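Common to both upcoming complexes is chain A, partnered first by chain B, then by chain C.
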Partner chain A sequence: MDEFFYQIQKTDLSKFLNNIIQKNELYAPIKTDAIRFEKIESPEKIYLDTNADFPLKEFFFRDREKLFSFDKNKIKVEIEKPSKTRVFFGVRRCDLNAVKHQDFIFMEKHKDPYYSAQREDAILIGYHCKTAPSKYCFCGSMDLGDHYDLMFWEDESHYFVHVGTKKGENLINSSKELFSKTNIKLNEEHKKIDFTNRLKKKDISKLQDNPDWKKGVDKCISCAACTTLCPTCYCHEIKDEVTLSDLQKGERLREWSSCQLKSFTKVAGNHVFRENREERFKHRIYHQLQYFKERYNIEMCVGCGRCITHCPTEIDFVEIINEMKEK
Partner chain B sequence: MTKTIKTNNEYIPFPIKILKKKNESADTFTLRLDWQVDHDPGQFIQVSIPGIGEAPISISSYSKKYLEISIRKVGNVTNALFNLKKGDTLLVRGPYGKGYPMDNLKGNNIIFIGGGCGVAPLKGAIEYVERKRKEFGDVILFIGYRSPGDILFSHKQKIWDDNFKVHLSVDTIPSKTCYSGNVGFITQTIEKEKITNENTVVFICGPPIMMEKSIKILKSKGFNNKQIFISAERLMYCAFGLCCHCMIQGKLTCLDGPVFRYDEVINFKTD
Partner chain C sequence: MQNQKVRKLYTIQSGLKKMNKPKVGIYGLTGCAGCQLSIIFNEDEILDLISLIDLRAFPFIKEKNYDEEFDLVFMEGLVASANDLEVLKKVRSKTKILVALGACAHTGCIPAYRKWTLKENYEHLLYKKDDIIKDEDPSPIENHVKVDFTIPGCPPDKHEILTFIKDVLKGKTPKTYNNPVCVECRRNNNDCLLIVGKPCMGPITAGGCHSICINGGFECWGCRGPSGDANYDAWIEILREQGHDDEFIKTRMKIFAGLKMEEDAFKILK
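For the complex of A and B:
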């Protein structure tokens, strides 16, 4: 795609978003009791002061997905697809990269039709952070790329907009009168976000037995908020649910699960492999920072910091790792 | 949302008929399935009963005509499977996983060490060796069960005695039980037996404590980690590397295992 930015006046943003609403469903961060992406009818409510508490994960890798319905041994596979194109506005760089990693695991590595049906037509419009929106952000330490249809950078009186895909370009073309081409090129400087280079030690392969893990483990209450709010965690379980009026009929469901819970490794006969909290706590961090990379050569964690911001006991695993002394 | 009907994807099982059901012991039974599918000994399949759920079960046979699974009643799915009979249908998908590397072991001696229902996955490999007996050297079976009532696959006893050197032992004999075989932990038998590590590989499957003990004895007899293959048990849902429940220090039991060469997993600790 073209390296040159477009620009749009700030006062024209709502016109652009209203144009989108005409033909599509628009989702953007809204602040109520929490900040989350919701379908909106008018752009006024959009909240961009800080990142959303909930990532986009639930829209594509849904927390409860029907794999098929059954009637005794007869199986019917019906895959739901959104009837209108969904456009997501205001997605941060970390969350866009999280979508990239989920696209990789669900669409490239596996051909998951349930994820694809939700994801395929969706359009992602980014909103680039200038500085860390939370003191726990560490995206600057992670290996992030460009994964968006359009990306917005806020400036004094206007936004600079970069086109990432054909889909993004089409959106601009459908509101052509609002955008003008600039002669400024996208470069690495634009992608830098201040105060996010927090994780100093990314190779944790030799730290498995470090006693400092205890600092985090001792405060962990195994609530699973970290994995639930993580934009990249994709572990799930499968279960059957029957219709109460006819027990032969029902559905097989895929639901999010959490490695922080004992049940995650419980086998028949009630043996639990990761019985103690330390093993479970470390498993999450190692899957994010090491195991996924060993297997796929991609860092799974995107450094959004939600697992720390929303941890009820604020376990800052980044700080814990930084302070670890290697033998 | 609109709905599109699709026919197939990785999660979708298909129906298979039960050709035969055989009770092996009070809590363990074998289902012979009308399923002709290429597989390696040590691989597993996903078996499900709609409404109850799905469970990974290792293949316990080696045949081109059918596929057998031997199951212990320990959970919802396995209890429901127990209630099925000849002619009934269940849902399956697979086979999955990395089994025993039989093709690379031609000309070698093999030692099988199995405990309890851990004998089931080994049985598939043993039947492979039965079928291709000339391709392998000496074969020794060390098989242990809790009590005489727990002994599995007794109908195979004669074939195994004719083809291999078999050591079968039970841990204890409950009172009023008529039993004239060996008594004691099977690991004690291994310890006493003269075995050499020369051109020999060992397959172990059984309770963790038995596997641990066996490995210790084997190492004292000169075996190295590369000669030992173990079969890991983990909770699994998808069986194709996506759900991550079976992950052990980054390795996925459903893809990289369930059979692992011991040197690959020696650092697994408790994970």
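For the complex of A and C:
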């Protein structure tokens, strides 16, 4: 894609978003008791001061998904698709990368028709942070890439907009009168976000037995807020629900699960693989920072910091790792 | 970290046989009858349900009840009187699968709160006159008889009752939901009430309730009893940091599940 920026007057942003609403569904962060991505009818309510509390995950990898219905031995697969194209505005760099990681798992590594149906037509418009929106952000320590259809950089009187894909370009073209081309090129400086290099990278594979993990483990209440709010965690469980009128009829469902729960590794015969909290606590962090990378050569974690911000006991695993001494 | 005990909410392990029209009884001990109502609240499914089971006894809504052997009995309420104990033992001796239905049967719930008050505070309220009701120490039914399965909650989730019945009919081992309330709560995109500063019991309480209270902005009071591996130390520390004293925390725990939590949690409190 073209490396030159477009620009749009700040006062014209709502015109652009209204043009999107005409033909598509627009989702953007709205602040009520918390900040969530919600479908919006008018752009005035959009809240961009800080990142949303809940990531985009639920829109593509839904928390409860019907896989198929069954009747005795017959199964019927009906894959739901959103009725209109969904456009997401105001997505941060971390969350865009998280979507990319989920795309990798559900669309490249495995062909998951349910995820694909939700994800394929969606358009992602980013909003680039200047500085860390939360004190727990550490995206600067992670290896993030440019994954967006459009990305917005805020400036004093206008936004600089970079086009990432054809889908994004089409959106610009449909509101052509609002955008003008600039001669400024996208460079690495634009992608820097201040105060986000919190995690000091080290080889944690040798730190499995470090006593410092206990600082986090003792405070962990196994509530699974970290994995539920994580934009990249994809673990789930599968269950059947039958109807009462005919016990041979029913639905097979996929629901989010979490490695932080004892029930997650429970198998037939009531054996639990990760019985104690410490093993479960460490597993999440090692999966995010080490195991996934070993297997697929990318880190799973994107450094959004939600697992720390939303932890009721504020367990800061970044701080714990930073303070660990390598033997 | 405290030593976590494995809490078993059921003894049905395997080998459950598919049941054709099981003989069912629905009884209540000391309680408000709300849990029995939860069964009836399945209005859309009740006719299907009646055709699949043989409802032999349900004194709460039925005039004619058969006193005989049962395949399956739902027992609401706790043991709080001598009469409760008598009914419970009698029914147990005639029942293949006994289910503790609701918080009173499971934890003792609110009626068990009197365990922590002085008897002289309530003695004058007891039915002394004609001696029909003989007072017993309040206790969950599992303290007296073997309980095969527990459907917790004040009141229990009506769908959960149906799921249990469907599993029994199919001969499938019913599943107990043992994860904390937080798991469903976060999935429901709720803002964490603990972070907001409310004394929510979600992290130490078993879920399965779809976090119904928190969805409405009201903190969890622990009606479904302790979760599979509650970290009481960490939870109590959160409440202390919110500014709650140990007396408050203890009282809060006593209300719905005190008898189930006192052993592991009260020793941490002053």
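Everything below uses one rule, namely that the second predicted complex is superposed on the first by the 326 of 327 C-alpha atoms of A that agree within 3 Å, B and C clash if a C-alpha of one lies under 4 Å from a C-alpha of the other, contacts with A are read in each partner's own complex, and residues count from 1 in each chain.
Everything below uses one rule, namely that a residue touches a chain if its C-beta (ideal position, glycine included) is under 8 Å from a C-beta of that chain, and two chains touch if they have at least 3 such contacts.
Computed from a prediction, not measured in an experiment: that's the story for all the values here.
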item	value
Touching partner for A:H158 - first (chain B), second (chain C), both, neither	neither
Which superposed partner A:H310 touches (first chain B, second chain C, both, neither)	second
Touching partner for A:R119 - first (chain B), second (chain C), both, neither	neither
Partner chain in contact with A:V242 - chain B first, chain C second, else both or neither	both
Partner chain in contact with A:I75 - chain B first, chain C second, else both or neither	first
Touch count on chain A, higher of chain B and chain C	B
Partner chain in contact with A:S222 - chain B first, chain C second, else both or neither	second
Which of chain B and chain C A:S258 touches, first, second, both or neither	second
Intersection of the chain A residues that touch chain B with those that touch chain C	242, 247
Residue ranges of chain C touching chain A (in the complex, touch as defined)	1, 4, 13, 45, 48-49, 52, 162-163, 165-166, 169-170, 178-180, 182-183, 186-187, 189, 191-192, 194-195, 202-204, 227-231, 233-235, 237-238
Partner chain A, residues of chain B touching it in the complex	1-13, 15, 48, 50-55, 72, 74-75, 78, 89-91, 233-235, 237-238, 240-245, 247-250, 270-271
Contact set on chain A toward chain C in their complex	33-34, 36, 53-54, 58, 63, 217-225, 228-229, 241-242, 244-245, 247, 256, 258, 261-263, 270, 276-277, 310, 312-313
Chain B contact footprint on chain A (complex, rising order)	67-68, 70, 72-73, 75-83, 105-106, 109-113, 117, 234-240, 242, 247-248, 250, 252, 254, 257, 259, 264-269, 273-275, 279, 283, 286-287, 290-291, 294-295
